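The same subunit A turns up in both complexes below, where it pairs with subunit B and then with subunit C.
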Partner chain A sequence: MIEIGNLALYLALATALYAVFACVFGAQTRRRDFVASGEHAAYACWGLVGIATIVMLHALITNDFRIKYVAGYSSTTLPLRYTVTALWGGMEGSLLFWVLILTSFLALAQFQNRSRNRELMPYVTATSATVAAFFLSLLVFVTPPFALLSRPPLEGTDLNPLLQNYWMQIHPPSLYLGYVSWTIPFGFAIGALATGRLDDLWIRTSRRWCLAAWFFLSLGNLFGARWAYEVLGWGGYWAWDPVENAAFMPWLTGTAYLHSVMIQERKDMLKVWNMTLIILTFSLTIFGTFLTRSGVISSVHSFTQSGLGPFFLWFLAFIISVSAALVVWRMKELRPRHKLDSILSRESAFLFNNLLLLGIAFATFWGTIFPVLSEWVRGVKITVGPPFFNQVNAPLGIALLLLMGIGPIIAWRRASARHLVESFLWPSLFGITVGLVAFVLGMRTLQALLVTSFSGFVLYTVASEFHAGARARRAMVGESYGAALLGLMQKNQRRYGGYIIHVGVVFMFLGVTMSSVYRVEEIHTVERGQEFAVGPYTLRYDDAESTEDAHMARLAATLTVFEDGKQIDVLHPEKRFYKRPEQPATEVDLRSTMRDDLYVILGSIDEKRTATIQAYVNPLVWWLWCGGVVLVIGTGVAVFPTRRARVLERARETAAERRQQA
Partner chain B sequence: MNRSYKFLIGIGVIVATVGFLVWTAVDQTKMYMITVAEFLSAGDSYAGETIRIAGRVAPGTMQWDVSKRDLRFTLKDIAHDGSVDVYYNGLLPDMFAEDRDVVVEGPYTDQKPFKATTVLTACPSKYQAEE
Partner chain C sequence: MKLPVLLCAGFLWLGAWTVFAQDAPMSRAAVEEALTCQCGCGLTVHACNHLQCSFAIPVREDIAESMERGETGQQILARYREKYGEKVLSSPIATGFNLLAWVGPYVAVGLGAIFIVVAIRRMARAPAPGLPAAPKPADLDRNAQQRLARLRKEMEDMEQ
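Up next is the complex of A and B:
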């Protein structure tokens, strides 16, 4: 079996390299047979990587401890669902999993476009196969996943206990899906540059891929935050750790891209900008992989030096120089045909939204690499912690929130004074009122007041967009209000899906802001029966009990929660001691409501069962996760393949095809 | 005024704001990462700054007072001679133990012991199994 896995990887590398060659050669010489052969090679590569993955899964499930990777990340007592998780729990496995997703996506993209976009497709295949070949050569030459141990142990080391968790099962896959799917739009961009088809064809064709990539990246980040919240046990969900930043940066540039392409589609402007954004986003996904695996920047996760760093840096340099050269080569054709008309226009709102997103990405990048930079330049290692990121990104984020309300309702091209008053009077009044009410109710922090007020403003604009659209449709078509609302969304999925996503983002803004500004923290050392208060709650420590099984020993405290003198819940925070590897871990317990989360950590317990308890009240955290759900719904509305959407797309394609021929 | 000037001013304002925010935030939140030996030989050069000292918990020096949540230990340099006494009040981190590598964070002071506001322990890596 192991030999099959190794062989499959070698052959996969060969087919990927062949696919690159055949597709580029075929496209350059207009030899269709070569292009077809290159695409077949890419399908074959997918199959071979699939075989290697099956071999790895088989080894993990059958506990084949001859393989170093299996011995390092699994054990006979590990439950089956985590045995599968171990596929991406370690370095080699995660790289293999990465290539599997990449080649699957490429196969899917090829199949979707088997009779469309024949000009661009060879380059999509070539680009993605280049990336696949890079990862495969790492697997073949640097970190072979099927490396054997000279003396296989009887029992494996087990998966890191922190990873034995539901959120950790879905967090890495969705993050990888998000990272990897950016390869396909990047491939289309390279194709557009190489062929000179620089109209919005590549953008429209890769739109779904971009949305999917953005969607998975959003989910990946949210799942990661949820994992940190529930498992790491420090009371928060985002620590501005390099590894988190690595996933946040492409999300920011990707968000900027999703907005700025609308300007290109409508106005034929910002072509260079869009190219730059997609190249940047893709580069950041590779940079993120580099960060998490090189150990260059010490993170809370403290990755061991793996020697992979230089390879990633060289590959990154290669990607950036090739794409930059292509952009410079096509610079003349990328020049805009129109100019921005007025600073008070939707175009300019989009432009500033882009700048803010990039500003946040830049600040995050700067803070992440600062230790390396300062050591380089000044010879001293200086690091910046979470306060840096909060201090810089909070004001930029708040400005972005405001633009989120302005963008959708300000007029294209040029907004007249009358239009401004008409569209902004009521939303602004509403936002200000919400802010004032919050102030009267006791909110005194500027940041919280601004976010509350701007959120009111954005929500009002979104609601009125829906309402106005539905009312107009009802008057015209004569449907009921509900049917009009549905028809509206169906008719313009992208626009209304986008609005729904905005609502989700507003929820997240509220959750993040309030939970960081108004969090309450208490630490108490209590004997059995003692009580203490935290925020609106009173906690009574009742008792602790210990249990033990083959996997771990656990110590659980029982805490009764009271509010206004009434018992409302019982919480059981735990301290766990895993046996293999020997490692203590904290298992928090929490009570989550729309108003706030009560988050309880068991610090330690002594012989007399005196316990140290740390408790947090985090207001509105629920809304962060709820915003995530709304975001999922919004993306669904935006990309759901209705019949109408297909017909429209087909019509647009034929029109573009005709223009091209004329 | 020409409209492209307006755009340039708008773009300039955002770029300048980002630059200003980054600059001031770095200044206000920076922490010097040093070893125990560097800390001992530093004199007053870190006065007024926040520092992170990396070292190892010296065996036999850890005192943990559960009721007050007071942690006292001696942090010794990993490679060289020299050590510094550390005091910390808070929850005992999961991975904290004698002979482990830890990082203590706090404002620089020449008073003894060094009062740490945070104690960071190195988690076992996510991507590499222990050898």
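Up next is the complex of A and C:
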């Protein structure tokens, strides 16, 4: 089996390289047979990577400790679900998993476009196959996943205990899906630059891919935050760690891209900007991979550190150079055909939205690499941690929240004074009222007041957009209000899906701000039967219980939760002691409500069963996760393939083809 | 040029605010947040959840005692910086080269904002590329002027 895995990887590399050559040669010389051959090679590459992955999974499940990777990340006592997740628990496995996703996506993109976009597709295949070839080269020449041990151990080292968690089963795949999906739109952009088809065809064709990439990246970040919240046990969910930042930056630039393409589609403008954004987003996914794996910046999340950094840096330099050269080469054709008319317009709001998103991305990038810069320039090691990122990004984030309300209701082209008053009067009054009510109720922090007020403003604008649209449709078609709302979303999925996503983001803003500003925490050492208060809750420590199996020993405390004298819950925070590797881990327990989360950590228990308990009350943090669910619904509305959407898309494609032929 | 100047001033103010905010009085939690735990957890002294942490716990106790004695947050941070070096601080001190870390993002966003404003204003003044200049209202007869006005109003209504 091991030989099959190795052979599959060698052949996959060969087929990827051939796919690049055949597609580029075929496209340049207009030889369809070469293009077809290149695409078949890409399918073969996918199959071969699939075989290598199956071999690795088989080795993990059968505990084949002859393989160094299996011995390093699995054990005979590891539950099956974690044995499977060990595939992405280490460097070689995660790279293999990455290539599997990439080649699968390429195969899917080729299949979707088997009879359309034939001009662009050779370059999409060539670009994606180049990226696949890079990762396969690492797997074949630098970090072979099937490397053998000269003396196989009887038992494996096991998966890092921190990764033995439900969220770690779904967080890395979501993040990888998000990272890797950007390769396809990037491939379309390169195809547009190479062929000179610089209209909005490549944008429309890759729109669903972009949304999917953005969606999975959003989920990946949220799942990661949830994992940190439940597993790392420090009461928070985002620590501005370099690896977290690495996933956040492409999300920001991708969000900017999803907004700015609307201007290109509508006004045939910002072509250079959109190209730059898609190149930047893809480059940041590679940069993120570099950060996670290079070890150049220390991170609590770097479970897969290695010496691969220079390879990623060179590849990144290659991507940026080639892309930039293509943009410069096509600069004349990328010039806009139309112009912007006024600063008071939706186009400008989109541009400022882009500026703020990129500003936050830059601040995050700057803070992440600044320790390295400081060491280079001054020879002094410094730390850039959460206080820096919070202080620098908070004003930009709050301004972005305000723009989320302005963008959807300000007029395209030019907003007159009358329009501004009509559109903004009620949302502004509502936002101010919400802020005042919050102030009267005791909110005194400026940041919290601004976020509350702006959230009210944004929610009002979104609600009024839905209401006005449904009312108009009801008047025209004579439907019920509910049917009119549904019809409205069906008719313009992208717009209303976007609005729903905005609502989700507002919930996230509220959750993040309130749980950061108004968090309450207590730490107490208590004996059995003793109580202590935290926020509105009283906790009584009842007892502790220890259990043990072949995999780990558990020590769990039982805490009864009271509010206003009434028992409302029983919590069981745990301390776990994994046997291989010998490592303690914290298993927090929490009671989550819409108002707040009661978050309890068991610190220690001595021989008299006296326990040290750390408890937090995190207000409104539930809304952060709820915002994630709303975001999922909004993305679903935006991309759900309805018959109407398919017909419209086909009509647009036909029109574009005709324009091109003319 | 009023708007670019205002934008410039606004972002300069934000940059200055982030720098000077570091001299403001600090709470105990803020001082703990301003120090990075050296146990390897990667978190701040305030957030470190290792309940037997050999660094965070004594430092928290020291901060509490020092503040009770009347020492300011800045003085406590200076003491720790002297003992462990700059790496113990969770954010760069706003002097010298480190100023770049604080003001860099605001300078970048400020320049971007000014660029957008200037570019839009220039575009708004220039005729649309590839199109002949629009006739001046004075060149049109009364009927044409009325039609043009109606058309503009309808377009505005439609776009709103």
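FYI, the second predicted complex is superposed on the first by the 657 of 662 C-alpha atoms of A that agree within 3 Å, B and C clash if a C-alpha of one lies under 4 Å from a C-alpha of the other, contacts with A are read in each partner's own complex, and residues count from 1 in each chain.
Convention: a residue touches a chain if its C-beta (ideal position, glycine included) is under 8 Å from a C-beta of that chain, and two chains touch if they have at least 3 such contacts.
This structure is a prediction, so every number in the text was calculated from the model and none was measured.
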item	value
Partner chain in contact with A:380 - subunit B first, subunit C second, else both or neither	both
First (subunit B), second (subunit C), both or neither touched by A:355	both
Touching partner for A:492 - first (subunit B), second (subunit C), both, neither	neither
Partner chain(s) touched by A:337 [first = subunit B, second = subunit C, both, neither]	second
First, second, both or neither for A:612, with subunit B first and subunit C second	both
Touching partner for A:292 - first (subunit B), second (subunit C), both, neither	first
Which of subunit B and subunit C A:586 touches, first, second, both or neither	both
Which of subunit B and subunit C A:392 touches, first, second, both or neither	both
Subunit B versus subunit C as contact partner of A:112, first or second or both or neither	neither
Subunit B and subunit C footprints on subunit A, overlapping residues	300, 339-343, 348, 351-352, 355-356, 359, 362-363, 366-367, 370, 380-385, 387-388, 391-392, 395-396, 523, 586, 601, 603-604, 612, 614
Residues of subunit C that touch subunit A when the two form their complex	3, 14, 18, 21, 33-34, 36, 41-44, 47-49, 51-52, 85-92, 97-98, 100-102, 104-106, 108-109, 112-113, 116-117, 119-121, 123-124, 126, 128-130, 156, 159-160
Subunit A residues touching subunit B - in the complex, by the definition given at the top	71-73, 89-91, 94, 157, 160, 162-163, 292-293, 300-304, 306, 339-343, 348, 351-352, 355-356, 359, 362-363, 366-367, 370-371, 380-385, 387-388, 391-392, 395-396, 523, 525, 581, 583-586, 601, 603-604, 606, 610, 612, 614
Subunit A partner contacts - residues on subunit B that touch it in the complex	3-4, 6-7, 10-11, 14-15, 17-18, 21-22, 24-26, 28-34, 52, 66-69, 90-92, 94-95, 120, 122-130
Complex contact set, residues of subunit A against subunit C	232-236, 239, 241, 298-300, 335-343, 348, 351-352, 355-356, 358-359, 362-363, 366-367, 370, 374, 377-378, 380-388, 391-392, 395-396, 411-414, 416, 419, 423, 523, 586, 601, 603-604, 612, 614
